[in-house]
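Shared chain: chain A. Partners: chain B in the first complex, chain C in the second.
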Partner chain A sequence: MKIKFALITLGVVLGTTICSAQTSITADQIMDNYQSATAIENLHSTLAYKNISKKGKVQERKLEQYILKNENGEDTYNFLLRFVAPNDVKNTATLTIQHDEKDDDQWLYLPVIRSAKKISASKKSDRFMGTEMSYEDLSNYLSEPIGDYDYELVGQEQVLDRMAYNIIATPKSKTKTQYSKRELWIDTKTYLLTKCEFYNSKGKLNKRYIAKNIKPIKGTDYSRAHFVSLQNLLTNNTTEVYYDDFSINKGVDKSMFSRSYIETL
Partner chain B sequence: MNNFYKLTTGHPVKCICIFLLLTIIFSFGTTKLETKNSFDGELPEDDFINIDINRVKEVFEERSLIMIGIESDDLFTTEGLSSIISLTESVKEIPYVFKDEVKSLATVDNLSERDWGLQSNGFLDELPDSALEWKQLKNDINKNDIVNGTLISADGKFATIVAPLDNDFIGGEVYAAAKRIKENYQGKETIHISGAPILVEDVQLGISKDSKKFIGIAIFLVFIGFYICFRSVIGVLFPLIMVVASIIWTMGMMGYLGLNITVVSNVLPVIMIAVASSYGIHFMNTYFKLTKSYDSQKELVTATLDKIGLPILITGITSSLGSLSLLVFNIHSLKEFGFIGAIGFLFATIICLFLMPALCMIFGKLNASYSDNEILKKITLSYSVLVLNHRKKFIIGYLALIPVCIWFAKGIEVGDDYVKFFPKHHDGRIAAENFNHYLGGIRVMDLMVDSKADGGIKDSNFFNQLTTLQQSIEDDKHVGDAISYVDLVSHVNNTMGAKLKSAELNEESIAQYLMLHEMSATPGEVNNFYDETYSKAHMQVFIKSSNPEDHENIQLAIAAKADQLFSGGVSIHFGGDVMHRIALGKYIVSGKIMNILLALFIVLFSTSLIFRSLKKGLFTLTPIVISLIMVFGFMGITGIRLGISTSLLTAMIVGIGIDFSIHYLVSFYRHIGEGLESAVRKTSTGSGQAIAYDAMSNIIGFSVLSISGFLPVQHFGWLLAFSMLLIFVNTLAIFPIMFGLSTMQNDETNELNIEQLKYNLS
Partner chain C sequence: MMQFLRTLLLSFSCLIFCQTIYSQSLKLDLTNNFGLSNFQYLESNRAIKNIAELRSEHNLKLKYKTVLAANFSARGIYNYVNRERSRMFLNEAYLAANKGKLNLKLGKQIFKYGKLTGFSNLDLANRYDYFDFLETDQEELGQWGLASKIEIKNIQFDLNYVHKHVPSVVYFEDNPWARLPNQINHPNEPGVVVPVRLQDVVDINPEENRSSLNLGVNMELLGVTARLDYYNGYNDIPFRKIELDYFTPSIPMLYDIQLSVHPLSIYNLSVQRLYGDWNIWVEFGFIKNNFTTSAESVESDNYSVASAGLDRLFLFEDPAKFMKLVVQWRHALWNNKFEYQATDLDHVLDRCTIIDLDYQHTYDLSFGLRSVTSYDGFGFYLKPSVHYKFSDMVKISGGYAMLSGNDSHFFGHYTAEDRLTLKLNFQI
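Showing the complex of A and B:
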């Protein structure tokens, strides 16, 4: 009887301690952790994306991505995307140099033209490379703009097989965004985004992001989702991305992010 | 037969109670009826055009297009472009619209060359605010074939928002939402709504509205015609009850059988009135003529049944069999109509033979007050005598007229020209005319060119051949525009500064240009041009003409050119609404010929059997055949097209013709023993008069439809009235002419033994 009482007491004490530890974390702290988990200096990976139409028609491409943090702003990056398959579009590339204070610089290189063309800067709401991902989504994944949003922790939920903090991100009045609200689910272990729902300016649920297959990246403290899907609930089109061969903060050649470099591809 | 007479005359109250009970049961059936205002599924699954349509649909979806037009003196103003933007957003909210595939100046990517590189934004992402920017925008549009003349007219006065619909769209919902948009935005700019789904709804709603209005008046006038004939209330009421009940029974049966009300079965009440009312007229005509000859109501009704019951039964059965001849059509709604029409005529016969005697037993009076219409009587008699006395002249007249009618009948145009259905000032017609005037047109033919190899559309030979094909299609005077991936590749080629000649484009350049498009387009937009494996190309051909014959000529020309251009197993498939209509047209023609032949055979077979004489069967057929030839000649002369609704009308001629012929012949054979002239005179004042009443009341009633603004309703009225007149005139002329020929005149077998006829029928 004494043993039983002791076990119950221990259970209550432990439970209270765990709960108080979990509830003591704030939304801002979670978002800080999230930002830290995603913040990188440079990254290289291969990826295959599928654009799936509402009627199930599929377009598939394979690319290499190179990302390097630049000095044009607090959280600005250079991106180089190079197509590797199919063969007839191999070495087609896009280069983006982000800026804080002015429009991004973008170049497109088509091997048949044999020269890179500067292309007009994309709007935040523009679709990235024909996928369901917008330029704004892409920026947010690389670095959550914490100063532009108010975050509210509404609880914890299981997302697929992982526990996640459920947070509502509401844009501040001066924030320029296509969304009226985002609902984020941040993994309690890796602090990576496992699910996100985007509400458009009319308050309608517009897109749903799901990240799966979160694995640690060899030789680093980082983890990354190796499969991501983004479904547009208004059009029923979906983009699925399969990542592989992540290399984070292992160094990317700065000279790759230049017009002259992509013209040599 | 005598037992049947005893049943109806001996138990009239029971008969009426059973009739009421059945009418209530069938009334419930009418509540189960559903309306299906679509031609989808009209064609048989194994039809080769349908198979081709489905092949295209399988790869590129059906993508029926609705088009919202915006017309203004100048759309190149801030207000004009803002209207295009907000209209585009509203169109995305229309049910069944593929939101990500809505095309307008506000959604299409503007890939244009600049001094500093490539502009790749939406045309209207930022509205111009300087003269230079306006100039730049206009210049970009002028250089872009995918936009210029397709989404906005060259003069900037008309723009469109084009929205593809999901396969299972419901026309009524789409139409209502588009109408709301039109009402909300109508103001400084004029808004037009069009495209095949809108056109179909507009036509059907217009016809349905006009039909309800005019058919109501027509029915009223038909019964006024009855009153003019009989000058008796029961002479109007009894046939009216009979016809209305026949319609309720038939529609109720449709409900119980799960058959829908279609564009075709919509006309069932009218056809029931035209055909079934004659049963009632013949019954009442005989009843009134005998009313002074009998001392008791029972004897009078029995005598009426004895005299007219059998011809009504024969006409009911043959009309029913004639209606079944519509089963030869390969169009579902016409087949269904043939089946339900057959049931309807049988119901009308049953109701006439059970209800009319019962009603006369209870509500009829001996020596009932009625009077013949003396004018009509005189006309009928004078006409019959005239024919009898001038047989040779009439024969020469017929021999001269028939070849002329056949010659004109050859010129009948087939299929329905939807745009011409509308009255000139109808919104639907104005919209269609504006789209045709400013842009490429509203009718769309889909082409799928299958290279039969993965990545085959990137092959430069294939690309060049398709370019040539597209150019030849665009040269057709009825084609407003043709759009395919050829335009995408050409535009990117011009913009990227490479400006390679078409022949210099290789697989890599085509692939990379296409990928550039994919980087800014939605998957749906991409799939509108080619399939996932790059083996099949999709071309949308916008046609300005709405004439099905022009559509067929375009299709034949494309097929011939493709045969000449492509080799190595490349195949071409046709789809879209336009092809559906072409197929319907083909079936209407082949089905019509088969239907008429079968209906005539059925009439010949059944009347030969009933009269136990092939010669008499052929006699019955003659006025029907001549009337048919004349009606087709009339259609050829007046330009009335052979479409779905007019097909039904010509089928109806057989039904009415049988009716008139049998009543005339039964009466004629009864009196032939008294000599030809006496038989003609007695028949023309007996059955002939009832035929005249029937024809006159229907002519009076249905002529009113000819003042409708909608061509199908108008043609329906003209044809119905004209057919009635022709069958009447021919029945009264052909038989005296034929019997007047000496060989027939002396044929004693012509005399009819009514008991033998009853035996034959049994």
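Showing the complex of A and C:
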């Protein structure tokens, strides 16, 4: 009886400790962990995306992505996307160089004109390459702009089959963004984003992001979602992205992130 | 037809070759494109009413990491009207190397000198197969040489060297654009008109050592991209001279077309800037060309061309829909010493406005519209087109090319070339 009582007491004490440890974590700590989980020096993967219009029409593209941290800011990246299929867009490439202090530079290489052309990346709300992902989403995907938002932890929720911290991200007054707020769900184990809801400037729910199939990347401490969907709830268009062959911090050639290189692809 | 079959055989050989190489962990990429095109001319009173063509293109790229690549591109054409056009050839075969910010391409390759979204003065030097003068997008021809680029901070330097300049391919027989004379004034007997017939086309200086050089500097400063180019080489379009054959007695008299290649230099400056979603550019070029006078002597012809243009991509709520627009205005400042003929290809786009519009309505259906309006010696070209993708591999395109204007301008001179075009493409 004494043993049973002792075990119950131990259980209660341990349970209380674990619960208090879980609830004592702050939104800022979660966001720091999220940033650490996504912070990379370089990354290469293949991906395939499907654009599904509200009428059910589907467009598929296969690409390779190369990401390399650059020295233009604290968390800024060079980002090269190269289309590999279908044939009519094969070898088309976009090169994005992120900057902290000014607009990102972006070039588009079209094999037909055999030349890279500088394109406008100044409108953050524009769709990136015809997907539902905007330039701002892309930028946030590469690195969460922690300094530009206030984060509030509102609880924990099950997202699909995983527990996640539910956080409200509200832009600071000086932050230039198309969103009035974002609601984030950060996986409690991997600290990756499993769900996000984007509210437009009028406060209306605009887009919903879902990440699934989170798996560890071989030979690293990183995990990555291998499937992502982004649904525009105002237009009912959806982009689905399937990732594969992740290689993280295994080295990406710096010379790839130049206009000259994409012109010789 | 045999050539087309040979091209097919080549593509299958490439596939087998690729399988072998792939097992050795080299990255490779093979693209095969097969096409069937048909031009249906609308004017009933003409010799060539229909031109059909089979075409295949095969591109093989072997890549070793990011530092080395080999690119081979073969093209096979079977034209039902023109035997000279029907051939199979290696259009590109080059090695590409990347080291830091230095990129080199050595071998047979396509040199496209102009970098504008529209028509650049430098495009005068590009080499094409001119079986058709209006549709040249897939007709670029390779030349042996070296292309190099190096980037230093915001400045990119380009150096292109063609070891032996080869002119564009032009056709004088079995081609709707060829207007050969069937009678001419006898050069030694004034007032006497003699019936004539083409005997041969002869390149009179084929062995000349003709190299060309292009130097370009591209820099970005305060959001403005400026590019300065110098091209020193040869005109891609050879001069034509009719030479009667006095030694072969024949009625009609026989004549040869003598082709000769002449120097061309271009000094070009272009400046472009993004204003929101609009890309706006201006270009100014000084062109040192040559001109064949009516006395068939070659004289230097220097002139300038100023150009301004804009382009923009329009996006819509439906992600399948987008529209690309390019508008360009070109104005040549001629030296007024010469009167250019309607058939002088170098001057077709001297004083004109060009509008290019592409609108994708759904992922499968898109429309195009190209118009060129020459405001000097009025000429007008309009081509609406529609494109439908059955799948990512199969695409069909149809269009109607319409030419009109004064006989003194290229488009007006060739009004009989109005035609319907139909193209079927299959890619694997």
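One rule holds in what follows: the second predicted complex is superposed on the first by the 258 of 265 C-alpha atoms of A that agree within 3 Å, B and C clash if a C-alpha of one lies under 4 Å from a C-alpha of the other, contacts with A are read in each partner's own complex, and residues count from 1 in each chain.
Going forward, a residue touches a chain if its C-beta (ideal position, glycine included) is under 8 Å from a C-beta of that chain, and two chains touch if they have at least 3 such contacts.
Keep in mind that this is a model prediction, so the values were computed, not measured.
Q: Do chain B and chain C fit side by side on chain A in the superposed arrangement, or is it a clash?
A: With chain A aligned, chain B runs into chain C, so clash.
Q: For A:Asp88, decide between first (touching chain B), second (touching chain C), both and neither.
A: both
Q: Who does A:Thr175 touch here: chain B (first), chain C (second), both, or neither?
A: Neither: A:Thr175 stays clear of chain B and chain C.
Q: In the overlay, answer first, second, both or neither for which of chain B and chain C A:Gln158 touches.
A: Neither partner.
Q: Regarding the shared-chain residue A:Arg127, is it in contact with chain B (first), chain C (second), both, or neither?
A: It touches chain B and chain C both.
Q: Now for A:Glu263: first (chain B), second (chain C), both, or neither, which partner does it touch?
A: After superposing on A, A:Glu263 lies in contact with chain C but is clear of chain B.
Q: Between chain B (first) and chain C (second), which does A:Asp253 come into contact with in this model arrangement: first, second, both, or neither?
A: A:Asp253 sits against chain C, while chain B stays out of touch.
Q: Thinking only about the overlay and not a real complex, which stretch of chain C clashes with chain B: 2-10, 308-316 or 344-352?
A: Only 308-316 shows clashing C-alpha atoms.
Q: For chain A, which residues belong to both interfaces, chain B and chain C?
A: Of chain A, residues 51, 53-54, 57-59, 86, 88, 112-113, 117-120, 122-123, 126-127, 130, 235, 237 contact chain B in one complex and chain C in the other.
Q: Give every residue of chain C touching chain A within the complex, in rising order.
A: 29, 31, 33, 65-67, 69, 96, 98-103, 105, 110, 112, 115, 117, 137, 149-151, 156, 220, 225, 272, 274, 276-277, 279, 313, 315, 317-320, 322, 362-364, 389, 392-393, 395, 427-428
Q: Could you pull out which chain A residues touch chain C in their complex?
A: 51, 53-54, 57-60, 84-88, 90, 112-115, 117-120, 122-123, 126-127, 130-132, 235, 237, 239, 253, 255-256, 258-261, 263-264
Q: Would you tell me which residues of chain A are touching chain B in their complex?
A: It comes out as residues 51-55, 57-59, 61, 83, 86, 88-89, 92, 94, 107-108, 110-113, 117-120, 122-123, 126-127, 129-130, 232, 234-235, 237.
Q: Spell out the part of chain B that touches chain A in their complex, as residue ranges.
A: Chain B reaches chain A through residues 61, 98-100, 114, 116-121, 125, 455, 458, 496-498, 506-509, 511-513, 515-516, 518-524, 526-527, 531-532.
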